[in-house]
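So, here's a batch of structures to check.
Each of the next two complexes has chain A plus one other chain: chain B in the first, chain C in the second.
Showing the complex of A and B:
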């Protein structure tokens, strides 16, 4: 029905012949290879093409839908800007002052800093990555090079998918029961790192797998042809090429660890006065400390300033990590001769 | 001989690392079940799934919190899905080609923002704002839904975008060549072709909303009662666990683990559904572009 209407429209208007590609598809695929549809619409607007009612309806619906998609997108994208802007507006002044970042925390008086919390977040990330990256890469190598498509591979895939869906607060109370109480680690960096390692294992594994899969198959085949065993070929040829991708995944994971709080609150701790230097010591990552300020905040007169500053600092750290990860990924891709 | 044995050993070691996820999942399920047994034994299922929460009187009903979880999740999806789908269509069909990467990166940035930061923002800006507009306390289902919408947008957008991009371009070309408008092509060709991926995206977003804790905890109230309006304080399963685990013992503590078990089962059911919808493709979200 509508198709027929279009054909008529073109016939009635007596279209001028145009060289293919004159308007080009570069502006957007919808125009068709020679932008014929746009020309018809232009003709309709100018009156040189007579349009049927069906055509006019279709054209109107198209324009309305386009406007709707633009409106929804602008709303969604402005949310991003709004969120980042609001967090920084509330806390950037505090977050950038050295007295706050490097200062000692206060439990009762105002003017406290957050240096032990910053170090806690940093140590927690390092410890978790040290646990989760070897495991994740090992699992990824197994899944992409050795597992095949058997029942075992399906079981591992099921485990990873299910584990990635478990809410972080469930990991939190699991870590509390198993690592804090059962293994007797108490509230400590290690208990938190073990919990977070389990939480992040599926995503680390997935990103490592994608990086390994991106290595051309011919590399492995060439290595095997020279007499390498499978493991030698993987270790000396495939993994070195996949390292940048794995590193990108690890940096993004660090961002997730720094921002995690629900799994940390009942495994690591909420407030410390001193910088934690041992994995067996309690610590207070920034994210958990914001929660502490929110719940017990009334103890500190300027809890609002501290929490806002921590939120801004946390956001800056996470955004920087994401930026670093993506820039490295891009630089490496370029050096290796891939294009985006 | 040595080489063969080493090869055998390496393969076994790698298998062990791969089995850690299976073992981890089994442990999580085992301990959730084990810790909630006292609640099921001493309070009984009828008590646990009732709508009255009064630990002092031996009432451990979780219905209020289950309703809170479902209501906030539904609210977040209702607000977030149209925006996310609009954005996915924008990124694949409408946006000027050169700026698509930039906009994509904007959405990914949103995915990286820690939930505690979003919660803090909700607590300091959104809740006072709703309070002023509605004259109520400001916190409740509405505030939680808005925060959750912001959290599910990046998930749903990224996966729907990939699904739309996976539709062969020849489909759209054929449709356009027959004279269909762009909207007709989107509605009749591309959306139906990407249906499964989009559905999977929404399910994954739902999983994220159900499990979200910190962001909701700061804007939900809290109060252990059924909400009387969209702006009256209540609780969800996650926020209840978070706020009471620290100071509860005995059956009350065990009933919080029972809530964790319910959350776990909801999450696993969603993943099973998602694996079915997406035809056995891995359901673990990617972190790398």
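Showing the complex of A and C:
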């Protein structure tokens, strides 16, 4: 096969188009320095290295592939831009008005705000993070530093992977059955946070595990070589170095929690008028409220305005969270002295 | 009571050799000079290693290494790549414990105490036997925090005490003058050679007795290498030093004793071919394989 390709290349005219002057210079070196130099200079003036036909075809294919990849990425980018643009087009005006963001919701009347929903979303995501981050990071530390390749570790990893494939609505139903009804928490932020903690545990765990594994092994070895225990080494060296990664994962998780609707609908609530400061109270995170407005919006005359305003607000919050995640991780790494 | 302590005290170090004949270590022996007794005045043996074999899973990496590492001297371990010299070094502070499926046979005594004993404590062993690695690996913290790391783990919180330890360690690592104004800057901003000396300072800060160095200069330029070598010469006043190097000139320059490891053929475990005073080993090697290696005919 290789040989065939080689033959083709030659047949197609794959021989390099060598300038006669250049060959002369190479072959005539024995003539002495003067003659050789003169000929080389002549060769140099004749022009640059020419591409063979095979190379020309390769160059063409290269250009085509580059253009194709470009077109595909533009397509992907433009769909994202389209979605963001559409949401902002419909809702940005509403979302940016303080009366809407900090206003009280209205039923049967126009001009309501969404302050309780905004608080619900933030409250819910903070509560969930408080539950899921310690659990996820703990599991990740165990998995990456202490579990080794044993059966338990494999089982945990398999469980986590299976959990992350379960749709969130299933978690919602589970949360409703277990936390809302069986444990008697009722529709509440706590029931929702517990459900969302379960939902996000696999991703938090995996991202924390990846950040911990990305810490160079040499740090752990260096720490151990000064005579500290494994836990001291992990606590004082490995974890601090992994913190930017873990924090990034946590902030991205916060974004996912804010955007989650299915699991929330069954456990937290759809509409509230009072600002839910207590975790035991029902609440209405924005994503769930948007769904509620669209499906049962008849009670609110300007439901479309409220829903699109909320959607735009939600989008801005998630985008900000992602931006914050990136910049903080970068800043922390820079302070540690890494030169990326 | 006092007598008991006196006896216990006498069990440490080279005196054990005389007083514990049942351990079978009545003499210091060097494979290169089997008939000679190692009895230079005031010199002890830090590590007694008897029939040490190391396995990674089923693979035997080292076989029957018997060697005595003298106290407050520099012992170099040389040999071609893959001969197990780094693995050997990692046996001395049980760094191999980190490797899954690693097993050690034989005896390694540090001042007469079995380091692979059932009640042996890895942590205190590593505190006494520090290690510097091939690639400089300072933590991504400040220069100060790197050196203060070990003492902090030991529970030292007093600012003044820590400051003293940091300065002292950096001075002993011949780095103080260069970094005294940059203690609060990230260690990763230092040059490679400075980073490596910082790693040495980090080890010195926990007051070890032995310093193991695993090819410490292989990532450094000749000037930085020179500084590390000078530093080692100073450090041997106080510390026992074992250095693995792939650079024979370096072994010849810095070490007092040299051990030559060799792996006979692919798949064989590494074995100790020859061990002796560096001068003797390099000028008149007892083993023909040593001679071939140091004259550059293989490896």
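As a convention for this text, the second predicted complex is superposed on the first by the 258 of 340 C-alpha atoms of A that agree within 3 Å, B and C clash if a C-alpha of one lies under 4 Å from a C-alpha of the other, contacts with A are read in each partner's own complex, and residues count from 1 in each chain.
One rule holds for everything that comes next: a residue touches a chain if its C-beta (ideal position, glycine included) is under 8 Å from a C-beta of that chain, and two chains touch if they have at least 3 such contacts.
What you are looking at is a predicted structure, and each value in this text was computed from that prediction instead of being measured.
Visitor: For A:229, using the defined touch cut-off, is the partner it touches chain B, chain C, both, or neither? Pick first, second, both or neither.
Guide: In the superposition, A:229 contacts both chain B and chain C.
Visitor: Classify the contacts of A:123 with the two partner chains as first (chain B alone), second (chain C alone), both, or neither.
Guide: Neither partner.
Visitor: Would you sort A:148 into first (chain B), second (chain C), both or neither based on which partner it touches?
Guide: second
Visitor: By the touch definition at the top of the document, which applies to A:281: first (chain B), second (chain C), both, or neither?
Guide: neither
Visitor: More residues of chain A are touched by which partner: chain B or chain C?
Guide: B
Visitor: Considering only touches as defined above, state whether A:207 meets chain B (first), chain C (second), both or neither.
Guide: first
Visitor: Now for A:252: first (chain B), second (chain C), both, or neither, which partner does it touch?
Guide: first
Visitor: On the A-aligned overlay, A:221 touches which partner chain: chain B = first, chain C = second, or both, or neither?
Guide: After superposing on A, A:221 lies in contact with chain C but is clear of chain B.
Visitor: Let me test your reading of the model: by the given contact rule, A:292 touches which partner, first (chain B), second (chain C), both or neither?
Guide: neither
Visitor: If we overlay the two complexes on their shared chain A, which of chain B and chain C does A:178 touch? Say first, second, both or neither.
Guide: After superposing on A, A:178 lies in contact with chain B but is clear of chain C.
Visitor: Indicate the residue numbers of chain A shared between its chain B interface and its chain C interface, in ascending order.
Guide: On chain A, the residues that contact chain B in one structure and chain C in the other are 229.
Visitor: Could you list, by residue number, the parts of chain C that touch chain A in their complex?
Guide: Within the complex, chain C contacts chain A at residues 93, 95, 98, 100, 123-128, 130-133, 135, 137-141, 149-150, 152-153, 185-189, 199, 202-203, 205-206, 208.
Visitor: Where on chain A is chain C touching in the complex?
Guide: So the residues of chain A touching chain C come out as 148-149, 216, 218-219, 221-229, 232, 236-237, 240-241, 335-339.
Visitor: Residue numbers of chain A touching chain B in their complex, please.
Guide: 2-3, 6-7, 26-30, 32, 37, 58-59, 61-62, 64-66, 68-73, 75-77, 79-81, 83-84, 86-87, 90, 134-135, 138-139, 141-143, 146-147, 152, 155-174, 176-178, 198, 201-203, 205-207, 210-211, 229-231, 245, 248-249, 252-253, 255-256, 258-262, 265-266, 287, 290-291, 294, 304, 307-308, 311, 314-315, 318-319, 322, 325-326, 329, 340
Visitor: If you look only at chain B, which of its residues touch chain A in the complex?
Guide: 3, 6-7, 10-11, 13-22, 24-25, 27-28, 31-32, 35, 82-87, 89-91, 93-97, 101, 103, 105-110, 112-118, 120-121, 123-125, 150, 153, 157, 169, 172-173, 176-187, 207, 210-214, 217-218, 238, 241-242, 245-246, 256-257, 260, 263-264, 267-268, 270-271, 275, 282-289
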